[in-house]
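Across the two complexes that follow, chain A remains constant while its partner is chain B and subsequently chain C.
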Partner chain A sequence: MVGEKLSSYLFILPALAMVVIFLLIPAGYTVVVSFTKWDGLGIPKFIGFGNYFQFVRDHVFLTSLRNTVIWVIFTLAFSVFLGLLVAYFVNRIRLANLFKSLFYIPLTISAVTTGLIWLWMYSPDLGVVNTLLRLLGFPGRSWLSEVPLNTYAMIWAWTWKTVGMNMVIFLIGLQTIPTEPVEACKIDGATEWQTFRYVVFPMLRTITTVVVAMSLINSFNIFDIIYVMTDGGPYRSSETLAVSMFRESFVLFHMGYGAAIAIFLSVVVLFVSWIYVREVTKREVHY
Partner chain B sequence: MKEKSFLLFSAVLLVVLSVVWMIPIYALVTTSLKTQEEVALQKYLTLPQRLQFSNFARAFQALKIGLRNSFIITLSATFIAVFVGSLAGYSLTSFNFRFATLLFFLIVVVTFLPYHIVLIPITHILKSLALLNTYAGLILIYTILSAPMATLITGTFFMKIPPELEEAAMLDGCKPFLFYLRILLPVSLPGLVSATILVFIQIYNEFLLGIALTRGPEVKPVMPFLAELKGTQIAQWHIQMAGALITSIIPVAVFIFLGKYFISGLMAGYGKG
Partner chain C sequence: MKVRSLIIYTIMIVLGFLWILPIWPTVLLAFKSNQEFGIQRFWQLPSQNFFGPNLIKAWNQAKLGRYFINSLIYGLLGAWGAIFLSSLASFSIARLKVKGAFGWFFVIWSGTIFPFQIYLIPLFKMYISTGFYDTFLGMSLFYIAICIPFCTFIFRNYFLTLPGEVLEAAKLDGCSNFKVYWKIYLPLSRSAVAVLFLFQFTWIWNDLMFGMVLTRSASVRPIMVGLAQLQGFRAGSGTDIPSLMAGALMASVPTILLFALLQRYFIEGMRLTTAGE
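So, the complex of A and B:
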């Protein structure tokens, strides 16, 4: 028995050592850097919470925070809602696999590729979106340079990529729902909407928690697609916290300030993950 | 009757959404096969007059160093991450339930954290180890950032294996590492495949570390090269789209042939095993 335990610890050691040396210690280092003013080369100057106080005075940070909130809310509204809608309908009809595949493809390609494709879609002169609009008699727009239209345009590109993911998870949830209660509703004459609202949706509660939490966490971490499509512009108007952190640290060399943004972002993500973990473990206790 | 109208409604809605979802793919494929003049004519709905495969040759020229780098980095990092991760996943199953659950969720949280929190120190660590802008440096970092996910996925699969299997092997004098190598891995092959696919696609598609940890083209992965295609080839949409297609071939092919494992890996990775 002793030998067995020892080997368990031994096997987890490489992974644990890597996580501690290259994730936890560096994370602590970032916390320390966030209390300094540092250009990355000279000697860091300790300024306490100075970088964090700077947040409220920095309109770029405030814009970035606002955009991050918009991303989080509208990804929920578009991607999660559409994912549920598509899953619910796909679950009920024939040819489901064909439709599923259509939504899977964007899921596998990278965010950079998605960004490039939608950069082309939104291109003001030649782009597909404006061409289609003009065809229907509407004027074209500068999708990626008007504020705040650019943020919403990018959220839609992100929705295009991520709906498949949400659909997959909702489908798994839908397939575990017993058919009897749904059948019973039909017999009692409930409408489709009533059946969904009072029978199906409540049974999807845990799965919905998973999807919502994943969507929140992913939208906080979004970087690639913005970097490719607008690079946070024009004039840093479409940055999110993840993009601002990169620009402050690696373009403007405000390491301390960048670190403070990274810490702020991570604390928010940790908070959401904590709620998520609590919800999912609660389910395990129940069943 | 209600049932019928509902099904009709779902079918119509799905068809409309599918068309909306296919337009970007259609634009991607057709644009990549057109000449620049054709692209400039704004007739994106029309098919290319002659298929311009030379676009792909040009895009490949611009991306080939990146593709080579990505293969070296992604394959190595995926292999090491799945090995280390599955070892850790195995040890998770042998701890008591409370402790294993705690570790499990610690891992979940680690995989959720934005890379940003370690970006500054990691560039400094790599610089001091003389690993900045090297394959070894990138492989190391990708391995570390992917190992938690590999642990999570393989661990979820290992937990489904009855503990009697291990007990029987131990009674016959099988050492833990041999059990892992000879019995556990073959038995949970689907789990390994899932973990490998997910880690592979995640590293291959990764972008932020690719730009933050490289200087110049020597070891830079393909995604940063693809993003630069936009800067160097001003408004050469046909070349950009050809490049976008080339880099998408691998993940889409993986999905087409191994999609089943991709989905089960996704599920395992999100704590719903």
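So, the complex of A and C:
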């Protein structure tokens, strides 16, 4: 049975090797690169924490950090909130399935396509948004070149894409809620808001944590839609950390600095994930 | 009571309108000629159906057809490759009593926790120096690798829910480990396979960043890179917008189809990943 014992390790080996070679070693190497000044071609020069100190002096980085925070906060405010709202209301109206499909469609198309669609929606002359505004007697705006309007315009495009996902998860959560307490509330004459606030929402806590964490992590990593819609412009005003990392590394070839941004981003995301895992496991103990 | 449902209907109809607003004019746009696009309002119907010519233009001149086939191959190879390798590893980790099973699992799973930016620079350098850069093989291997951690997470949890007696019985009958995996455990996990195929194929199909960094020539580039490069709104270089939209619609067909066919499994997958059942 030595062969059988050996085979069980051989089963793990290919997957493990792939992950280590293509993901974990590169991740470790990025840490090393982040301590160097490197144009990607010559010999990297060790500069210690130089790249990290550079962050506070670099106004592009600071803008990018601020934009990332705006993305994170407003995706929570729009996408998670609307996802919950839609999930809570959709089963109480006629044509519920039609409405669900409507919110479901954007999640089946890519972020790139979403970006292309909204690029056209926001286009200054022929775009749908400005055409509608002018019909209603308002002046059109250049949505993607005014700062900070461009960031909010892109956040709305992202909201359009992601509400369906949050709706699906909240619908799963709502299914697991027992109906008796909700019925009891109605009989006792609680208002809609009271029922939701004191009965339904507390029971949705675990699933809400999941949605919030997913939304946080996705918006920290936001890249595709910005790359397509503004490419971080005009004048690098709408970049987020992920976009800055890409531009510094593969357009300007400041690979050491790009690596430092990647590490900074990773530390933030890992910290958020850690809090999330801690919250979820803590709650499971209480059940 | 009446007021309440009136409010709910108002909210839902307003949201429904906002959600359909981008879809309808975009679809319409793909059917217009470039000239009509310049003079018509967005709700006006095209004088005749230009979808065919638009698509052919995007398909041939912009080489979207080539990119489309590339991504189809990456999606199929990447998703199936990752599903095979990770289910095999998970079978061993969950069921074969290997030493340090959780440790192995943890190492593989840790590939899901970092933002993708952390892999880019070293991968790029590694690919250039090993000759994997701008090759089909290099892209396929990378896509398999990036999908393995999540697949392993799902398969391990799934295999742990299957009863262990099956394995004992089969081994008493003289089945090899691989045969038990191939003939019993893999067929039993059909729904996990469906979920993962949907998720991973979609991920690979929609990938923009790695395609941009790891490839250069049209014969290797994936579809989203091709699409992203087509847009010339920003530069104002007079891109043929209707044919771009026709191309974008066509590029969405595989994932829309997958989601439509595997909708049940999508819900199931979200339940697996979010509710931790």
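Heads up, the rule we're going with is that the second predicted complex is superposed on the first by the 270 of 287 C-alpha atoms of A that agree within 3 Å, B and C clash if a C-alpha of one lies under 4 Å from a C-alpha of the other, contacts with A are read in each partner's own complex, and residues count from 1 in each chain.
As a working rule, a residue touches a chain if its C-beta (ideal position, glycine included) is under 8 Å from a C-beta of that chain, and two chains touch if they have at least 3 such contacts.
Everything numeric in this text was worked out from a predicted model, so none of it was measured.
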Room on chain A for both chain B and chain C (clash or fit): clash
Touching partner for A:V200 - first (chain B), second (chain C), both, neither: neither
Partner chain in contact with A:T113 - chain B first, chain C second, else both or neither: both
First, second, both or neither for A:F103, with chain B first and chain C second: both
Partner chain(s) touched by A:T230 [first = chain B, second = chain C, both, neither]: second
Contacts of A:N221 with chain B and chain C, given as first, second, both or neither: both
Which superposed partner A:V20 touches (first chain B, second chain C, both, neither): second
First (chain B), second (chain C), both or neither touched by A:V72: neither
Chain B/chain C common contact set on chain A: 4, 7-9, 11-12, 14-16, 18-19, 22-23, 25-27, 29-30, 33, 40, 82, 85-86, 89-90, 92-93, 99, 102-113, 115-121, 123, 126, 128, 131, 160, 163, 168-169, 172, 192, 206-207, 210, 214, 220-221, 223-224, 227-228, 242, 245-246, 249-250, 255, 258-259, 261-263, 265-266, 269-270, 273, 280
Touching residues (chain side chain A, partner chain C) in the complex: 4, 7-9, 11-12, 14-16, 18-27, 29-30, 33, 40, 82, 85-86, 89-90, 92-93, 99, 102-113, 115-121, 123, 126, 128, 131, 144, 160, 163, 168-169, 172-173, 176, 192, 206-207, 210-211, 214, 220-221, 223-224, 227-228, 230-231, 233, 242, 245-246, 249-250, 255, 258-259, 261-263, 265-266, 269-270, 273, 280
Chain A residues within the chain B interface of the complex: 3-5, 7-12, 14-16, 18-19, 22-23, 25-27, 29-30, 33, 40, 82, 85-86, 89-90, 92-93, 99, 102-113, 115-121, 123, 125-126, 128, 131, 160, 163, 165, 168-169, 172, 186, 191-192, 206-207, 210, 214, 217, 220-221, 223-224, 227-228, 242, 245-246, 249-250, 255, 258-259, 261-263, 265-266, 269-270, 272-274, 277, 280-281, 284
Footprint of chain A on chain B - complex, ascending: 2-3, 6-7, 10-11, 13-14, 17-18, 21-25, 27-28, 31, 39-40, 42, 44-45, 84-85, 87-88, 90-92, 94-95, 101, 103, 105, 108-110, 112-122, 125, 140-141, 143-145, 147-148, 151, 170, 175-177, 180, 201, 204-205, 207-208, 212, 223, 226-227, 229-230, 235, 237, 240-241, 243-244, 247-248, 251-252, 254-255, 259, 262-263, 266-267, 270-272
Residues of chain C that touch chain A when the two form their complex: 4-5, 8-9, 11-12, 15-16, 18-23, 25-26, 29, 37-38, 41-42, 85-86, 88-89, 91-93, 96-98, 104, 107-108, 110-111, 113-126, 141-142, 144-146, 148-149, 152, 176-178, 181, 205-206, 208-209, 212-213, 224, 227-228, 231, 233-234, 241, 244-245, 248, 251-252, 255-256, 258-260, 266-267, 270-271, 274-276
